[in-house]
Structure formats: C-alpha cells, structure tokens
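Notes for the one structure printed next.
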C-alpha cells in the first residue's frame, strides 16, 4: 500500500471511531422517535452510560461488565424520562431537557472519584484472514467489539423496523397513537420499550467514549455529541441506513478541520472548528426542504402526548 | 413550655456555645486561611491537579498553622469575582487565583480588601497586595525539543496547542529551536483545539497528526488523551503539567511537570511571619518550579544523558533556550546572535520560529 | 394498580400556584437525602445552600446580579415555548449580543463620547441577538428546518466567533497578546445602583421586561394568539393566526432579550470581552422559564431561585467542600419534580376501585 493510500485508510479509520458513538445514539433515537416519542435527553443518557461503564470497568477490571453496565445505566435513566412523559403526561421537550441537565450533573457526581484513572482501551478484535486484506482489512475488520456492534445494529434496526411485524406495529404507534390504541395495541408499553432501547443505545455510545475513544472519565465528555445525534436522526429522515451515512459524514467533518490545520491551511482555527456545526445546519435545511419526504418518513405523532383516558 | 420559652432557651444556649467557642479561639492562634481558586477540575490530571498538589504540600509543611480550601471549575468572569470576594470576606488571609482569566477579578477584589494577600498565576498586573507568578515552562520544552530531535525518525512533530497565547507560542518556539539543533530539517505541525481541556478533541487532533506522519506528540493541553493516542499508535509523546506515565507507559519520553509546592509554601510562610511583599516570580529549573519527569524505560540511555545535560545547563544559567540567532517564518531575524530574548519579549511573544507550521492570529 | 389520570377539563388554579411550592419542597427533601448519602450534614449543607447567601446585603445583590440575565432571557423564551416555538439557542444570541454591544464600546474607546455610548451599546446588543435568532426563524419558516437544532448549532458558531475576535482583531494591544479585549471605559459600563455591591441598572431593565411580558401575555392580542397557537394549532389556523408570523415574532423577541442580556453582562459585571462571557445563562434560562411556568411573574421568582442555587454551590464548595456537580443535579431534579407534579394541574387522580364501585 503506498503512502497516500495508507494515509487515507488511516484517516478513514479515525473517522470511523469518531462516528461510532454518534451511530449508537442516533440509532437508538430513531427507534424511540419512530414510536412517537421525542427524547432530547440523549446527552444525559450517553453520559450516564459513559460514567457507569467506566466506573464498573475500573472497579471490576472487566470491560465487558462495564459495557453491560453502561447499557443498563442508559436504560435506568431513560426510565425516569419514560415515567414522566408516558406515565404522567409531562411535556416531552421539557422533560428531555431536564434529563440532559440531570444526566450531566449526576454523571459528574458519580464519576468524581474516578477522574484521573487510567484504563487500557478495549482490545482490537482482528478477524483472522479478513484483517489482512489490503485497504478493507484494517478498516473494516480490525476494530474493537463495540465498533462491530454499532455496524451490526444498523442492520438489526433496519430489519426490525421495516421487515418485522413488531416493527410495523411500532411505526403504526408513531403514526397515529389513537388509531393504534383503538385497534388494541398497548401504546404506552410499546413506547416505553422503545424509550428503554434508546437509553441502552445511548449508554453504549457513551461507554464507547470512556472505554475506547479516550479511555478515561472526564466530566461532560460527550461534548455535544448527543445533540449532533439528534440532528443526525432528522438528517437521516429516520432511516437506519441513512444514519450510517450521516454519522460518517459528521465524524468526517469534525476530523477534517483538524487535518486541515495540520496541512497548514491558513484559515483561523476557530472558523475551521465551526465547520461541523455549520454543516449540521446546512444538511438539516437540505433535508427539511423536502416536505413530502419528511411527511413520508417522520412519525406523525412525534412529541404528542398520548392519554388513553382522553 | 410554650414556643416563646423554647425559642429563648434555644437562643440562650446558642449564645453560650458561641461565646465558649470564641473564648477558646482567642487563646489559640488563628490558622491562616488560604483559598485556592481553580479554573478546572482537580481531577484534570494536569494544570489544576498540580496546583492542588501544591496546596496539599502547604498543608503538610505548615500543619495546623494553615487551613486551606478550594473552589474548582470557576469560570473566568463575574463568577470568579464573586468566589474571590467570598473568600476574602470570609476570613481568608491569602488567596491564590490560578488562571490568567482571573486577573481583573482578583485586582478588583484586592482593591477592596487591602489586608488580604493575593497571588495570581500567569498574569501581568500587580498591586501592593497582589503578586504574580509563573513558571518558565519553556525551559522544559527546550529539553523536550533536544530529546525529540534525537528520537524522531520522520522529522515531523505533532504539537497540540490550546490557544494561540504567548505562553503556548513560547513553548512551541523553545521546543522547535532545540529540535532543529538536532534535526535541522524537522517540522513542527501545530493544531489548535481552542480549549485547555477537551480529551475528545485532543484525541482527534492527535490522531490527525499521527496520520500525517508525526512520530512525536507534544501538547500544551491538559488531558492525557494525546498521550493515549501516542501509546495506541506506537509513537513517542511528552506529558504536560504532570507525569502522565500511567496513561502511556511505553510512549511517554518524559513530562514537563509544574511544581508549585515551594512557591506556595514560601508565600504562606511570608504571610505568617509578616514579611509578604508583592512580587513577580518567574522561575524555572533553577527554583524547581519546572521539572522534568523521570525518563521512560524505553528511552535510550544516551538520549536521557543529553536531556539531563541540557537541563543542567539551563539550570546553571549557561544555556538560554532563547539564545539568538532566531528567525521567524518570514525570515526576519528576531533574536540576534550573541544575545537572548528578554523577559518582556518572551511575555508578548506572538510569532513562530522557522520550521513551525500553524496559524497565528494577526 | 396504577391510579388513572383523568383530565380535569379545566386547569386547576389552586394547583397552578401550589405545584411549584410542592416541587421545591420535594426537591429540598430529596436534596437533603442526597447530601446525607454523599456524607455531608444535610441541615448544614441546606443552610449553606439556601440561607447563607442571603444573609448579607452583598449576597442579596449578587443573587440579583445573577438573576437578571436569567429572568430577561427566560421571559422571551417563555413566550416562544407557549407557542411551541423552541428557541434553544439563547446562549448564542446572548453571545452575539455581547459581541455587538462590546464592539460599540470598543469603537468608542478612548474617545470622550459621553452618555450616548451606553444606550447605543444596549441597542446594538439587542439588534445582534435579534439577527442571530432570525436565522433559525428564517430556516424554520422557509425550509421547515427544526429550530431546536438550528438554534443550538448556532450557539457553537457564536462562541467560536467570539473566541476568534478576542484572540485576533479585538485583542487588547496592551494586553501582552492575551485573549481579552480592552476594559471598557466608564461611559460604557452600567451604573451601579447600590453602592458597595455589583447591582447595576440591568435589574431594573429585567423587571421592566418581566412586567411588559406579563401585560403582553394577559392583555395583548399577540399574547392571545401565542396561547392559542400553543394549545390548539388547528384552531389557530382556522382563526387566521399566521403561524409563520408568530414564529418570527417569538424567535426575534427572545433573541432580542437574550442579546440584551448579553450586552448587559459585558457592560456590567464583566467590563470587557473575553472568550467566555456567560456561564451558560442561555441554557439555564430554559429551566427558569419552565420553573416559572412560562409566566413572567413566576419567571422572576424562578430566576432568583436558580441564581441562588448557583451561588450557593460556590459557597458550599468553599465552606463545606460540596462538589460543583451537585448544583446541576439539583437543578435537573427540581425540573423533574416540577414536571412530575405539573400533572396535578391538568389531571385528576382516580383510583380504579372508584370506577369499579361506580359501575
């Protein structure tokens, strides 16, 4: 492999790692939103997963336990959201914001005594034979377990949503919860399950940061990724395959500006740092213009409170 | 008894307790309350962490004669002013403000509390009760540059910068000047992450630099993330502010360590015995305010020896990191040969030497 | 069994006023438990948190200084939230307002321009915030782009812009190249209204705005439109209320107030431009808005409460070594509890047994 190709592969590899936490969080949120629930608390759930995963891994010495605990933490904290919005009919936007705030603060508190801990990152899992393929090998087949999981989840979520009966029911609930209720589907229970799934995925996205990306715990280490994941869901018009594309796009833009600096491009670094955010807006506008597409794919009942007694 | 009696009894009891406490206090000498204001979390394992180490050193050295407290993650601006004022009005005799951005807040409060002494890190404004202090970190950078020059194969060094302020620019320049004495063709690529502490972004920047061929990682940011990347990718790196070896046992060549223990203890002692004066302290190796961490096990012995030799030369004053000649990137001679940059020139340094690639604000 | 929640049909006025109090009490109780679990004496900590900051005149003034931007921004946000227009980017609008106002101050620096500078600064800051909020408004009305995300992304852009300015073109030439602007002259600083404290006229502006918001909501036709749009969008459409116009008005309005808050902060407590001019006021104001039930009167009270929670966090760190993170937990908890008890306003609790008995 010549030098330029090697550099390109290296860059793509870096983009992959940058995209993975976004992928986890966005996939979870797609499922949640498809069932009609808008959960803005992704940032808080990711941090909950990050801190719990790190604490458990550091205390027990097992990263596997850490990952499982992280998913569990995401579920637990999403239950608070679920109880408030689905059980007590609280406003979803406000509750989501409160969840973010709470998650940020609680994770900082829990992780207080673990700041400064060093952990070995999750090991790379090479697939024998495939890892040695040129270009594709190191990129696709020499990653850690969580990266593989994220890629696998894209396929799983896609299949579930669009090729299973359960997925169809879920989408129906998101399109019209009153109709689904009339037919007899347990709307609230379905939504709660999806909220929990979203929580678990966000937790995995968070633990990826604290166990793979930068193996340590730092307050607020998600640094806005939860919000970018939310934008990603819209950008992908709630379709898992598009989420994959979007995650890599966003990961790429974030990394590119750092490369550009290293290449000596003479734009002030602050303007380069603005690129990911401006790109998000740009992409959002592009997608939102197509009202038909949005209406086709956006769950019609998103954000609306469902009360069976009403 | 009815409520009124209860209240009176309670008030009386409290008064008695208070009087007793006061009486006891009058007999024992009051410990000096020292307040530390941190801009980041104590657990950052970098800048703030080292200041806290200094705080604990004071407690250890002076025992019951001092009582320290701290507030962490204080944002620069009005919040800082409130925190500092809170400390000043609650009996603290010495207040240490550990970030440049606390400067105006410190001075404002100092004006209103002339009996309280203040120490402000990395600032340039003083008052009768305000001292400034800083360490000559660039001396450590120079040593790192010499060592890096010997160890680099690709001749490309990645440098992760926080903000393009003089302190960081000084560090880059000192490093590069030393680097080029060993490898004249070497290049230093600077990437600004616009934050003192953002592990995710620092890791991204580090990865991008490694992908572009850097085989030595330098940083002027506070988290161990760049070193973790260096460890992961199998290249060398130098730690910042504290020994980061546990994050990168194989990759860390050495680290530039801040050591405030001596300074803080001296200041506290001076307040206690009444000899405190407003001073500007800018010391380096010679006062141990800057130290080099022990060299990593994988560093060859001759490189270690060179590093120690240079350190000693700087400490004794024989070698000045900013000795001329030195040209900037436009070819202009900034430090003529035979002389070295003055402290004033160093304080306001806003230009890069040849061999550095990175943007600077105009 | 889960007790059922039956809609009341009409919001309970009693509950409207009672729920914030219940929320505060519950949060304090949970907070005390939290402190106990963390190993801090609950009562002493609560004293340090709630009471101590208010024991001195200076303390009260500080609470007011911190509550001013919160109340200002929250009033604007509340009007938007009532109409289902979610401006999350107040922090960015605040920053742009600070930049514009600060720019005016720096333009007049050193020249003896007199009393015109300060009002000009305030106007510039307000206009700046309006312009920054116009972007999400435009993107929403023209391209249907979700304003939550666009306004949020613009926060990051605004912060980076400020960063660039104080590092480069607006850097203090006598400041040894450190990233900060010159200190504003006295004609560009808000006058202090309480000697010996930092209380400036910004608080009067905030109170005036709160009153104005109250009047608008209660009396004005605009306030009526906002309420209807939020509660029954279809009805609003039939009535001919232009959704787009209301989006523009509420976004620009909240942007203006956020910008005003920004310039007040730099002309008041800060006195110059720095890389960071706000410790997250734009985001905290969102909580204040909800805590105050999206009503200007409640918002003033909520702003005081939240300001108190910030200040007490610092006090508690100094006196009791309570970590800063507790403040965030407290605020999130408060919001959670409020949202939870909020249900009592709109719904009545009915137990299954009643139903069965009635049947």
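Some notes on this structure:
Letters A, B and C mark the chains in the order given here, with residues in each chain numbered from 1 onward.
Just so it is clear, a contact is a pair of C-beta atoms (placed from the backbone, for glycine too) under 8 Å apart; a residue touches a chain by one contact, two chains touch by 3 or more.
Please read these numbers as outputs of a predicted model, since none were measured by experiment.
A complete topology is adopted by the chain contact network, contact being made between every pair of chains.
The chain with its Cα centre farthest from the Cα centre of chain C is B.
Of all chain pairs in this entry, the one linked by the most C-beta contacts is A-C. Per-chain CA centroids place chain B at a distance of 35 Å from chain C.
Centre-to-centre spacing of chain A and chain C amounts to 28 Å, using the average Cα coordinate of each chain.
Within chain B, residues 164, 194, 361 each touch two or more of the remaining chains. For chain C, residues touching at least two other chains, in rising order: 160, 163-164, 167-168, 323-324.
Looking at chain A, one finds that residues 112, 219, 268, 270, 273 touch two or more other chains.
Looking at the complex, you find that chain A touches chain B at residues 7, 10-11, 14, 17-18, 112, 115-116, 118, 121, 209, 213-216, 218-219, 221, 223, 254-255, 258-259, 261-264, 266-270, 273. Note for the complex: chain B touches chain A at residues 41-45, 49, 158, 164, 189-194, 197-205, 207-213, 223-225, 228, 232, 246-247, 357-359, 361. Interface of chain C with chain A (complex): residues 2, 4-7, 38, 86, 88, 139, 143-146, 148-150, 152-154, 156-157, 160-161, 163-164, 167-168, 286-287, 290, 323-333, 335-336, 339-340, 342-343, 346-347.
Within the complex, the chain C residues that touch chain B are 58, 62, 65-66, 160, 163-164, 167-169, 171, 176-180, 183, 198, 265, 269-272, 274-279, 311, 314-315, 317-319, 321, 323-324.
Chain A meets chain C in the complex at residues 40, 44, 80, 84, 87-91, 93-95, 97-106, 108-109, 112, 219, 224, 227, 230-231, 234, 268, 270-271, 273-274, 277-278, 280-281, 284-285, 288-289, 291, 294, 307, 309-310.
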